[in-house]
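What follows is a structure written as structure tokens; I'll ask about it next.
The chains carry the letters A, B, C, D, E and F, assigned in the order they are written, with residues numbered from 1 in each.
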Amino acid sequence: MSEEEKILKIGVLKNGTIGSSLLLAFLMDERAEAKRIEVLEVTSGAKMHPEICSKTMEKLLELNPELIIMSSPNAALPGPKKAREMVNNIPTIVISDSPAKKAIDEIKEKNMGYILVNCDSMIGARRPFLDPTEMSIFNADLLKVLAITGALQVITEELNKVIIDLLEGRTPTLPQIIVDSNCATEAARFSNAYARVKAIAAFELAASVSKVTGKACFQLKDKSEYMPLLAAAHEMMRTAASLCDEAREIEKSNDTVIRKPHHSKQHILTKIGLFDKEE
Amino acid sequence: MSEEEKILKIGVLKNGTIGSSLLLAFLMDERAEAKRIEVLEVTSGAKMHPEICSKTMEKLLELNPELIIMSSPNAALPGPKKAREMVNNIPTIVISDSPAKKAIDEIKEKNMGYILVNCDSMIGARRPFLDPTEMSIFNADLLKVLAITGALQVITEELNKVIIDLLEGRTPTLPQIIVDSNCATEAARFSNAYARVKAIAAFELAASVSKVTGKACFQLKDKSEYMPLLAAAHEMMRTAASLCDEAREIEKSNDTVIRKPHHSKQHILTKIGLFDKEE
Amino acid sequence: MSEEEKILKIGVLKNGTIGSSLLLAFLMDERAEAKRIEVLEVTSGAKMHPEICSKTMEKLLELNPELIIMSSPNAALPGPKKAREMVNNIPTIVISDSPAKKAIDEIKEKNMGYILVNCDSMIGARRPFLDPTEMSIFNADLLKVLAITGALQVITEELNKVIIDLLEGRTPTLPQIIVDSNCATEAARFSNAYARVKAIAAFELAASVSKVTGKACFQLKDKSEYMPLLAAAHEMMRTAASLCDEAREIEKSNDTVIRKPHHSKQHILTKIGLFDKEE
Amino acid sequence: MSEEEKILKIGVLKNGTIGSSLLLAFLMDERAEAKRIEVLEVTSGAKMHPEICSKTMEKLLELNPELIIMSSPNAALPGPKKAREMVNNIPTIVISDSPAKKAIDEIKEKNMGYILVNCDSMIGARRPFLDPTEMSIFNADLLKVLAITGALQVITEELNKVIIDLLEGRTPTLPQIIVDSNCATEAARFSNAYARVKAIAAFELAASVSKVTGKACFQLKDKSEYMPLLAAAHEMMRTAASLCDEAREIEKSNDTVIRKPHHSKQHILTKIGLFDKEE
Amino acid sequence: MSEEEKILKIGVLKNGTIGSSLLLAFLMDERAEAKRIEVLEVTSGAKMHPEICSKTMEKLLELNPELIIMSSPNAALPGPKKAREMVNNIPTIVISDSPAKKAIDEIKEKNMGYILVNCDSMIGARRPFLDPTEMSIFNADLLKVLAITGALQVITEELNKVIIDLLEGRTPTLPQIIVDSNCATEAARFSNAYARVKAIAAFELAASVSKVTGKACFQLKDKSEYMPLLAAAHEMMRTAASLCDEAREIEKSNDTVIRKPHHSKQHILTKIGLFDKEE
Amino acid sequence: MSEEEKILKIGVLKNGTIGSSLLLAFLMDERAEAKRIEVLEVTSGAKMHPEICSKTMEKLLELNPELIIMSSPNAALPGPKKAREMVNNIPTIVISDSPAKKAIDEIKEKNMGYILVNCDSMIGARRPFLDPTEMSIFNADLLKVLAITGALQVITEELNKVIIDLLEGRTPTLPQIIVDSNCATEAARFSNAYARVKAIAAFELAASVSKVTGKACFQLKDKSEYMPLLAAAHEMMRTAASLCDEAREIEKSNDTVIRKPHHSKQHILTKIGLFDKEE
């Protein structure tokens, strides 16, 4: 029973933002009912240069976390790398996007876990296009894609496995996962085959956004060339969100929306019919 | 010119989450190009009891912020109040939702500013309904509503005024604003009358969600009664998001999507046509 | 068998219009096949001042109805009240909207029944906004909401109970019902949980329209203020209709659209699958 | 000035229902502000056999109308014909649907006017299909089609011309109009060419519904044959309504929704931009 | 086994185009896996005057087809008739649209088969309206209607019966079929009643397009009159395609999309669930 | 004037099918009014092995074409290559898809032109998935994408330049074009920036379909793995078609749908407003 009473201190470091990190703390405690974890975050907003990454990590370490979750775009960049070097022996999981694959070997060497989400594509970040409104809309669409395709479910379940391990005094096996359309939509556990199919299509679509924004942000110089591509990339994400909505509506029409809420003691319950009991 | 070189340290405290705080740091620096501000956040995830609020505020204060932005649901609760009491003389702005109106007098007495967003409605937080996926979808819809109706634009502009004041060495006038459908949609500066009308409808719809979730979360005891209401409330937010999408599509169809990106020196630029230059 | 042959004379009085009264006679005899009732209406169009109400009631009484159904917006106004005072002992049912709740005591004292429909919201009746086309569109949307949420089904069933009672020589128990989202959607008997949920959302949405039109019609004086609200209110009703459409499409997709036609002898039959037999 | 003070008594007779008659009184006085007309209706609900038609006409005549508007499906049937024979010299306008064309000669001989609306198609009136809910939904869709295509605008304008004539002491020229897609959409005065085109498509679609319901109601005997056709016919009307919605959304997107409200003195005002003044 | 090895030479003649002929060869061999048929086509593009029809038929006959499929709009025109006269004793099937019904007697006299598709409506072929883009869009919509309503399934199955007969050395019974909404949607074998209903509605809608394009192309002279009708006709086809999409989405939502692929040995397999095996 | 009277004989060879070839002849003569070209096609249906390609080319050459257009998927395969080797000195243009890029050098060496369309993606051709209905639906969606993004307009204009050159006795410059999203949407000449943006998004989406179908058709062996991908790929194309529809609807809403019909003498006219004159 004493283990029941343990409260796990979880530290979250965010440098820059990706869709998968928007609600990270809430993927572990969606209703503020968790009795056995305490989540504290330190973040550096949009910035992710080495100094700010180490400054925020320093603060986070002062909070004595027993589990660290680090999130940033492209975890292969010097900033996130710098922060990883400060961690030492605390179990750590890196959550990032597709370009972070370049850092996998280094992350493994540090015995850290990672979850890299293929469809967590880069935003169209050029000044004539991206203002706070456009930025928020893109994130709203991306968040819907991540939620419905199952990408956030993968994160939720992997983090929870580690949390349960630590709560129960076991050495955790840290995840080493690249979230692709297959893995995400398996985690989403659609009942209807075509709902899953639509989610796969949305995932692939969202994943291909990065190619367009990458070209528009880094290769093209002429505004008349990059502007339409930036806007097209955001249309693609909007369309992916809309496909996800179709997928979930199918599950609603069959009353098969699976729900997997956390119990206040942190294990995950499951139910399907709206009026079923979660168990 | 020395003022040009000043970098303002902005501290963000988040206890619990509201839609308006999801991307708060990025409303000040949407492309990670801001040269004159540094934003650091400390958050307590889902929890907002007094101990965790003061613990996170303590950490935040150690970072010596020159401007503090505090965000939480219902800022009238003891936790956020506790945190406010620790601030002293640093200019502080409270960002919260409709129930926070009860704290306005106290906030004013402390010479703090506030921005309370009427449509930032409470989620349907009961275990048989709310899991990480449903929670994320609701936030995605809410975020879209906040972005397109102009609510986030109000926050962006009010924060930026204070930031510019502080960068230029002026004593800032802190905002005292309740964001209603009129105020939000004025800030959104729609060109088409019906686009604005749809945004107003979406705002009112989103604002009315709280009544339904409030009843379902706090008054009803019988699962067969609260479950349909919870799900209906989320349908309402989904519908509000969809109305917002209609509004923005109208502006696209007229090439009048206004964009107001930050200059790297922090002032806000404006443009309308997609190929116009921001100025 | 003689009772079989009885034909009940039903008198309908309409002063002003609400959505629930648009097809009132046809809720009792949707295919013009009813052999045991005769429905006669007298109406005063848009007007509902006391003189016109009593004039129309006078005409109606000359037709010797055995059951009277009175319909108007806000049945608490002097006109409808005046008409009620003329009725005497004929069984009478008042059908009205939410503001009519103020008249409930008086209606009860007169031993009349009532059905007040919460989502039968007031139209945006100001001259720069409301012309015959806009008026008709609002009513079309409202009618769809009333039909699909089950509000009209409540009216249909309550009226039919009274009719059957009278046809069979029993003293009828007159209805005393406020139609809210729960009561309406129960009557609609959705098979799919989310279809019902969408109908509840639509009902709540439609019910909240009155607050917006009320403010725009009675409180605001400045055209630039009330015009966007009026248009927003009608967008809300359009959106509610669209949610209802989603709900019914779900039932179609499961072949579970319940149908409850009247038998020509007036009792109500039921069927579910499109090719099922009504029984 | 004395003519200004005249109040015209308008009598409306409805036997059976068509979409065009649902809101007939309100096409003359959409906001209950008309000072110069008084509209009284007598209706026989769903029934339209000769006895009930003459009984209701008798009542209507007792109210001494100066203008009579008669509305029914298929005005060539014996019931409406019987009622027409009772009118004598009061100016009378028949509003009906396409099958009423057979009565045109007789109507003309009686010096009556007529407005026959081609797209006011017959409902799918068979018991296994049509219950009060389905009946109401069909009417909601039909009403939207009539409103947006301009069919109701034709009726509004034609009635108003006669009303003004009578108010100003002139012998009215009664309308002799078959409302087809061209005539309706001209009256609707769309600004955008494709909005009108969609309205024409919707009108043609709605007009073709009668062929399908006619076949299903009168020719086919086998339930397995007529049921799909009935349901298909209602899908067609639903689709026509949806096309109309597209048309109006286009006008909204250009802020060119024309509005033609009645002045309280009965003449028709016009405005286009939402914030324009009606004149 | 020797019959197994036979390869049937099928000749396709196309003069002019209809929707049903766009993918005619692929209705017999959708994945290029057919081992027992060889399909060769000769076509004259848009032209269908007698000279070009006979020239192309001549070429086709040189290829020694054992089965001829002739496709054109209005097969009653002199061109297709001329081509039919050249065929002699080779089994021949005419695929055409509704106006071809005038040629049925003549086709029968020649012992040819025919499949005439009622909803394969004429395009809006006038210069100010129809360019290659509009033409392609119309065909895309039409193709979707033909595919989902089951019209192409009728063609597929009828052709395959004849092919199998010929492969197995039997004298084929050539089809004599007018594809109406009933026959098409039976072939489509929808599992959900309302999916079929929507397909019927789409078929009827598409079939009625010809009346509008016919009037606009042949009767009206004034551009201001025919242009809106042409565009309306194409809106109708777009709407029909959209209804078809709804129908198929319903089947997807129930995982009941029937699939009937050809085996490489030409017989048709069947499956329903996405993960079922075709048999 | 004698050149005016010249009629150019155009031979089209199709082996296998791509979206761009579905209506190839009609891109040159969309209303069957062309007086100066004669288009004859020989096709081999689904098959494209060397024997059938050469057999069909042989037939085509017998028709003495003065311009040859060859169309097939992957023109780098042996079959189309074989056919190209038979052409000799007749001006020839190859129309194919993205994999045909491997054949560019060889095509250039033969002094042929080529138009390779990036978004003309491969269908999901596996037996448990692809039947005639699914095949036709995919082609309908693809055709809509090709038409609205401007891909077909590129083909139309390039072919027409060559045709005009030949009609006027000039040596034609044959096209060497890879149609990407930029080139296509420039040809589509959208007036609204966001309409073009949506078309770009649709093009990119459609272009990425091949990666998914390629993997599903050629790499994956397990049905449970390739089936969801095949279906997802077709969802992607359906979504791309829907985005295109949005783009065209925007142009309709502004009455800026550009139309470029052929004059009967083959030059291309242009108009924008629906009621404008083509010139």
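Just so it is clear, a residue touches a chain if its C-beta (ideal position, glycine included) is under 8 Å from a C-beta of that chain, and two chains touch if they have at least 3 such contacts.
The shown structure was predicted, so the numbers you read here are calculated from the model rather than taken from an experiment.
Undergrad: Could you tell me the least number of steps, going only between chains that touch, from chain A to chain D?
TA: Minimum number of steps from chain A to chain D: 2.
Undergrad: If you apply the touch rule, which chains end up adjacent to both chain A and chain E?
TA: Touching chain A and chain E alike, sorted by label: C, F.
Undergrad: Name whichever of B-C, A-E or D-E reuses the C-E interface, so over half of the contact pairs are the same residue numbers.
TA: Residue-number overlap above half with C-E among B-C, A-E or D-E: A-E.
Undergrad: When I count C-beta pairs in contact, which pair ends up with more: D-E or E-F?
TA: E-F
Undergrad: What's the farthest chain from chain E if centres are computed as the mean of the Cα atoms?
TA: With centres defined by C-alpha atoms, farthest from chain E sits B.
Undergrad: Counting only Cα atoms for the centres, state how far chain B is from chain F in Å.
TA: The separation of the two C-alpha centroids amounts to 49 Å.
Undergrad: When the centre of a chain is set as the mean of its C-alpha atoms, what distance in Å lies between chain C and chain D?
TA: 21
Undergrad: Distance between chain B and chain E based on Cα centroids, please, to the nearest Å.
TA: That pair's centroid distance is 57 Å.
Undergrad: Going through chain C residue by residue, note those that touch at least 2 other chains and give them in order.
TA: 193-194, 197, 228, 231, 253-254, 274-275
Undergrad: Which two-chain combinations touch?
TA: The set of touching chain pairs is A-B, A-C, A-E, A-F, B-C, B-D, B-F, C-D, C-E, D-E, D-F, E-F.
Undergrad: Which of the residues in chain F come into contact with chain D in the complex?
TA: 249, 252-255, 257, 273-275
Undergrad: Across the complex, what residues on chain F touch chain A?
TA: Residue positions touching the partner: 181-182, 185, 193-194, 196-198, 200-201, 204-205, 208, 212, 225, 228-229, 231-233, 235-236, 239, 242-243.
Undergrad: Which bits of chain C are touching chain D when the two form their complex?
TA: 12, 14, 16-17, 22-23, 25-34, 38-48, 52, 55-56, 59, 62-63, 125-137, 139-141, 143-144, 146-148, 152-153, 156, 188, 223-224, 227-228, 231, 238, 241, 245, 248, 259-263, 269, 271, 274-278
Undergrad: Flag every residue of chain A that touches chain E in the complex, lowest number first.
TA: Residue list for chain A touching chain E: 192-195, 197, 246, 250, 253-254.
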